[in-house]
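Look for subunit A in each of the two complexes below; its partner is subunit B in the first and subunit C in the second.
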Partner chain A sequence: MSLATALRTRDVTELPGKRDEAWRWTDLRGLIRVLPAPSERFEGDVGQGPFDRLADDHHVLVNGGEARIDVAAGKKALAVLRLVSRGAGAHASRVTVNLAAGARLRLLESYESDGASLAQTTLVIMLAEGAVLERIVLAQDHEDAVSVSQADVLLAPTADFGQTVVASGSRRQRIETVVAHPGGRASVRLDGVYLLDGKRHSDHTTVVTHTGVDGVTNQLVKGVVRDQARGVFQGRIVVNEGADRTDARMGHHAQLLSDRAEVDAKPELEIYADDVSCAHGNTVGAMDEDALFYARQRGIPEAEARAMLTEAFIGQVIDRIWFEAARRVLRTWAGKRLRG
Partner chain B sequence: MAAVKQTVEHVASLEKYKHGFVSDIEQDFAPKGLNADIVRFISAKKDEPQWMLDWRLDAFERWLAMDEPDWAKVNFPRIDYQDSYYYAAPKEKVGPKSLDEVDPDILEVYKKLGIPLREQEVLAGVEGAPRYAVDAVFDSVSVVTTFKKELAQVGVIFCSMSEAIREHPELVKQYLGSVVPVSDNYFACLNAAVFSDGSFVYVPPGVRCPMELSTYFRINAENSGQFERTLIIADKGSYVSYLEGCTAPMRDENQLHAAVVELVTMDDAEIKYSTVQNWYPGDPETGKGGIYNFVTKRADCRGDRSKVSWTQVETGSSITWKYPSCILRGEGSSGEFYSIAITNGRQQADTGTKMIHLGANTRSRIISKGISAGKSSNTYRGLVSAHPKAKGARNFTQCDSLLIGKHCAAHTVPYIEARNGQSKFEHEATTTRLSEDQLFYAMQRGLSQEEAVQLLVNGFVKDVLQELPMEFAVEAQKLVAISLEGSVG
Partner chain C sequence: MLSISNLHAAVEGKEILKGLTLDVPAGEVHAIMGPNGAGKSTLSYVLTGRQGYEITGGGTTLDGEDLLALEPNERAARGVFLSFQYPLEIPGVPALTFIRTALNAQKKARGEPEITAPAFLKLAREKAALLKIDFDMLKRALNVGFSGGEKKRMEIFQMAMLSPRFLILDETDSGLDIDALRIVSEGVNALRSPDRAMLVITHYQRLLDYIKPDRVHVLAGGRIVASGGPELALELERDGYDRYARAA
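Coming up: the complex of A and B.
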């Protein structure tokens, strides 16, 4: 059951639906009765991407295709990866990212669509010992698009993987990251922000499996949901037998800014080792009325006060991004969205 | 020296599951297996009216069409539903009975278990000691219910379910299956078809039940399942506290316990439901035997400002699979769930709660403490949801897991579904092992390792123990110690 299989076989019954535990809140089967025709090749100009100016190395996939990004041992790189959908067809993309020992990469990834497309992206990301990858994802899909991105991350001991996903949702949007964590002082940060309005939907799903001793995982996901939008967070941390001294923290916090907004969360811990320290926290609620009152009392108009508080709320996640230039881009993007 | 003696006795009693004895009591069985005739047999045995039989047969029909669920984090071989007795009852004399007519062998069983069935025995205790009425369910039937007269004086109905069907059909018809519908789930549906007995409580408006009510479940017969059904109705402004306890003999085969508990609270009413579950957990080494405890427990807070509080101490059963839940329908109603689940040996538990906020300003609180030791697996699974109309809904959840040993597992699977902007949900969870520093500190003060662990564990579960009625809290504390015996070192 996967969108990738459904696209390959053109069989709608392969689509995952709400009866599949991992897709209970992101039902594709109930949504898509007929698969759209495969996307046609797009030859035109796709315009500028959000991170274009930050890097020279651009990988652009329009309506599917394959890309490969390799960084040799000890080298440093900065790359832009754009997954663009044009039109209303269905397509799949495949990206391989390979970091040799001690390599460092900043990957600036974006999802862009302009209509009711159905896109599936598979990423395989491998980090050898001592490699460092910061993956920054901006998913700004069209409100009618259906987009599923699935990344498999394989880490070697002492590797360092940091990720921040910023999403504005779409008809159905899912960003899934599955990390094989070997422990051995490898470290993982899996952050996310979702800012949803209208009838948009966004699903952040992560699974981290600790298989060896001394692993660290730190996760902070925050979301703001307005109108009739729906935010989904599914985070799972697994600590296998023997993966002692694992330190894992997970936090998910969401603000619901309207009566018809919805947030569904499932922060899971699955622990098979005893010498661990694992915790998760989850809060869902309205904006802090006291803070809002304080701001308004200081003469700040309500709309601006709300935007400001929300900006501060998600700012905590954006601030954790290592790459300063990307931090600036995302902060500006979020500010515009909140005031737009 | 009393303390020394107590410790010696305590250690001796820890050797094995102390309720594991079998009593040789003459019993009536239904033929083995399950079909419509067995359902008719059970109904006939209990002299039930036609409507009850029809209800059962309808449930059985629906059950045949259902599939056994498999989503819980528990593993067990497929249950052969035809290889079990669905009705086992101690042979009894006909006609209404007083305690004196109850088979002395059965009384002996309860005496051995420390359950006071003679009212004077309850009273004979220390002056001012709390009293509680007992409904004793032995395999498929209720053998005796105490203090009925005294309760009747204030209008409280406390009797076995079979009696309620005969004596108060209008209440049973109105409420039975109204909280847990017949085809709610596979095991609840099976229960609806073959349920044999259980307790029925009705507390009239404005009455505060003068004593604790309790049911004591005992599985004795071999190859039999226990399917009891409990229904408690607290009418407007009333209050009742209800306790249940359970044990079973040690056997190599698994026995199924699929109960259904339905609670209904009207305006301003409150039910406090406490469970100390100590079914036989199976052999700790091989995992052989033990009870499958697949229970559906649900409360419907229908009235405004009504309240239901579930407290459970789960130490027994080879597999526990249950989620005592609250449907918070009435405005300002509240639900609470306090749980200690301990697994040791090869036990598996997948337990938690569901708080479904439907009404405005509803509140819920979940405190769950899971302890896993040995080669066991302990899962907290819970749902907190707020309907769009549940403005001002509030939930606080805390679930902590403690791991003792290298081969055990602890999982936390909370589901949070917020569907309106005016509700507030908070959830926090931790999973750790016993702190070395704390252990060291306690041992440095002269406690043995075992005692130090007990002290820390009791501290860990304190929040929940506090919620138990006094007499159960002491029992539960001991039970916690016993359940963890042999898990350290």
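Coming up: the complex of A and C.
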């Protein structure tokens, strides 16, 4: 069962749904009765992407297609990758990212849609020894869109992979990252922020499998959900037998800002090795009303005080991004959304 | 300036303030003393508009305006400032950012121009030096990981930066050693002026050696049960609150 297969075969029964454990909170089978027609080629102007100004190398896929980003051994690169949907059709995209030994890449990826499209993106990301990739994803889909991004990340020992996904949700939005972690001082950061309002839905699903000794995984995901929106976090870290001295940390913290907002969280640490250092924390709560009063007592109006406290809450995730210019873009983006 | 008349207030259905009447004219410093649980902090929260405090009778005006009808931030913009007994932590918001946001929000509400970044920093450096606050501390998240004494000092720093007109100090002396107490009191005294007034809430007489009150009131059982000059504080220090607790 997969959305990619459903799109290829045009068979709705292939859609993942409630009966698939990994999709029970993002039920596409129950949502989509009839697949939209395949998207048409789009020839018009798609405007500016959120990271356009930070890089010269732009890869733009509109209504599907393929892209490939290669960085040669020891080289440094900075690339923008835009996955754009125009109209209300269905399409799939495929992206391959390949970093040779010691290569470094900053990948600035965005999901942009303008209607009730159904989009699936497959990414295959490979890092050779000593390669460093920071992947920043801004998923700013249209509220009617269904958008699923699925990345398979293959790391060699000593590779360094940092990821931060910032998402505002859509009718159904899912960002999935599956990491094969070989240990051997390879290191993974797998962060996320979701900022949801209206009836938006955003699903952050990650699976990291540690297969060798001395691997590091650090995850911090924070979400703020208002109105009738719904956030989903499924974080799974598996430490295989023999993957000793693995250091795995997972944190997921969400704030519900209304009675009808919802967060479904399933943090899982599956440890089969003996000598590991693991920690996880998962909290779902409300905004700190005492802190809110304190800010208002100092003269800050309620709406601004709420925006400020939310900004600070998710800011702790944004601060972990290495690429300062991307940090700035995301902070500004979040600030506007919170005050919009 | 501030006029409280026959104020009744309840928390979770339980009446805590039971007909409190008090006038604090401009230019004066009034101390409120009383046993634990008398309702001193409740009074400070009612005056500043904290949620969960229900006004069940009476009223309060500031310069003739109905104070209790205003939002907490509107009261702040009119110049009401509370130095909290237990200041809150604001994770992720640097102290300077927080205070600048507050100052500009107040100015905006009053129709004044915003303070520029350089002018703000200059003011902050000046006030930090007076209160012997390390400037680097102001770049840290407000009150997060600060000691009790540091938090109290930050309250007075915020007060100095916002220069309010009606100041409420709720047990500002607790958690301060004698040096810090002197510095903080100097900060408070610097704000004494003919167009400002203060309500100094304290459990102990000690603070009043530094911030000399014009009037002293005893709050017990949700009411002002005695009022007098500074000598009343000394008498309370000597004899305790027993007599008043019984009277309440």
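One rule holds in what follows: the second predicted complex is superposed on the first by the 340 of 340 C-alpha atoms of A that agree within 3 Å, B and C clash if a C-alpha of one lies under 4 Å from a C-alpha of the other, contacts with A are read in each partner's own complex, and residues count from 1 in each chain.
Here is the rule we go by: contacts are C-beta pairs under 8 Å (C-beta built on N, C-alpha and C of every residue); 3 or more make two chains touch, one makes a residue touch a chain.
Just so you know, these numbers come straight off a predicted model, no measurement behind them.
Peer 1: Give one of first, second, both or neither to describe whether A:Gln297 is in contact with subunit B, with subunit C, with both, or with none.
Peer 2: The second partner, subunit C, only.
Peer 1: Is A:Ser258 touching the first partner subunit B, the second partner subunit C, both, or neither of them?
Peer 2: first
Peer 1: Per the contact definition in the header, classify A:Glu289: touching subunit B only (first), subunit C only (second), both, or neither.
Peer 2: second
Peer 1: Who does A:Ala22 touch here: subunit B (first), subunit C (second), both, or neither?
Peer 2: Once the two structures are laid over each other on A, A:Ala22 reaches no partner at all.
Peer 1: If you stack the two complexes on chain A, which partner ends up touching A:Asp275: first (subunit B), second (subunit C), both, or neither?
Peer 2: The first partner, subunit B, only.
Peer 1: When both complexes are superposed, which of subunit B and subunit C contacts more residues belonging to subunit A?
Peer 2: Between subunit B and subunit C, B touches the greater number of residues in subunit A.
Peer 1: Do subunit B and subunit C land on any of the same subunit A residues, and which?
Peer 2: Correct list for subunit A: none, the interfaces share no residue.
Peer 1: Give the list of subunit C residues in touch with subunit A in this complex.
Peer 2: 48-51, 71-73, 75-77, 81-82, 84, 87-93, 98-99, 101-103, 105-106, 109, 141, 158, 162
Peer 1: So in the complex, the part of subunit B that touches subunit A is made up of which residues?
Peer 2: 71, 388, 391, 401, 403-433
Peer 1: In the complex of these two chains, what residues of subunit A are touching subunit C?
Peer 2: Per the stated touch rule, the residues are 288-291, 293-302, 304-305, 308-309, 311-313, 315-316.
Peer 1: Taking the touch rule as given, give the residues of subunit A at its contact with subunit B in the complex, in rising order.
Peer 2: 21, 241-242, 254, 256-286
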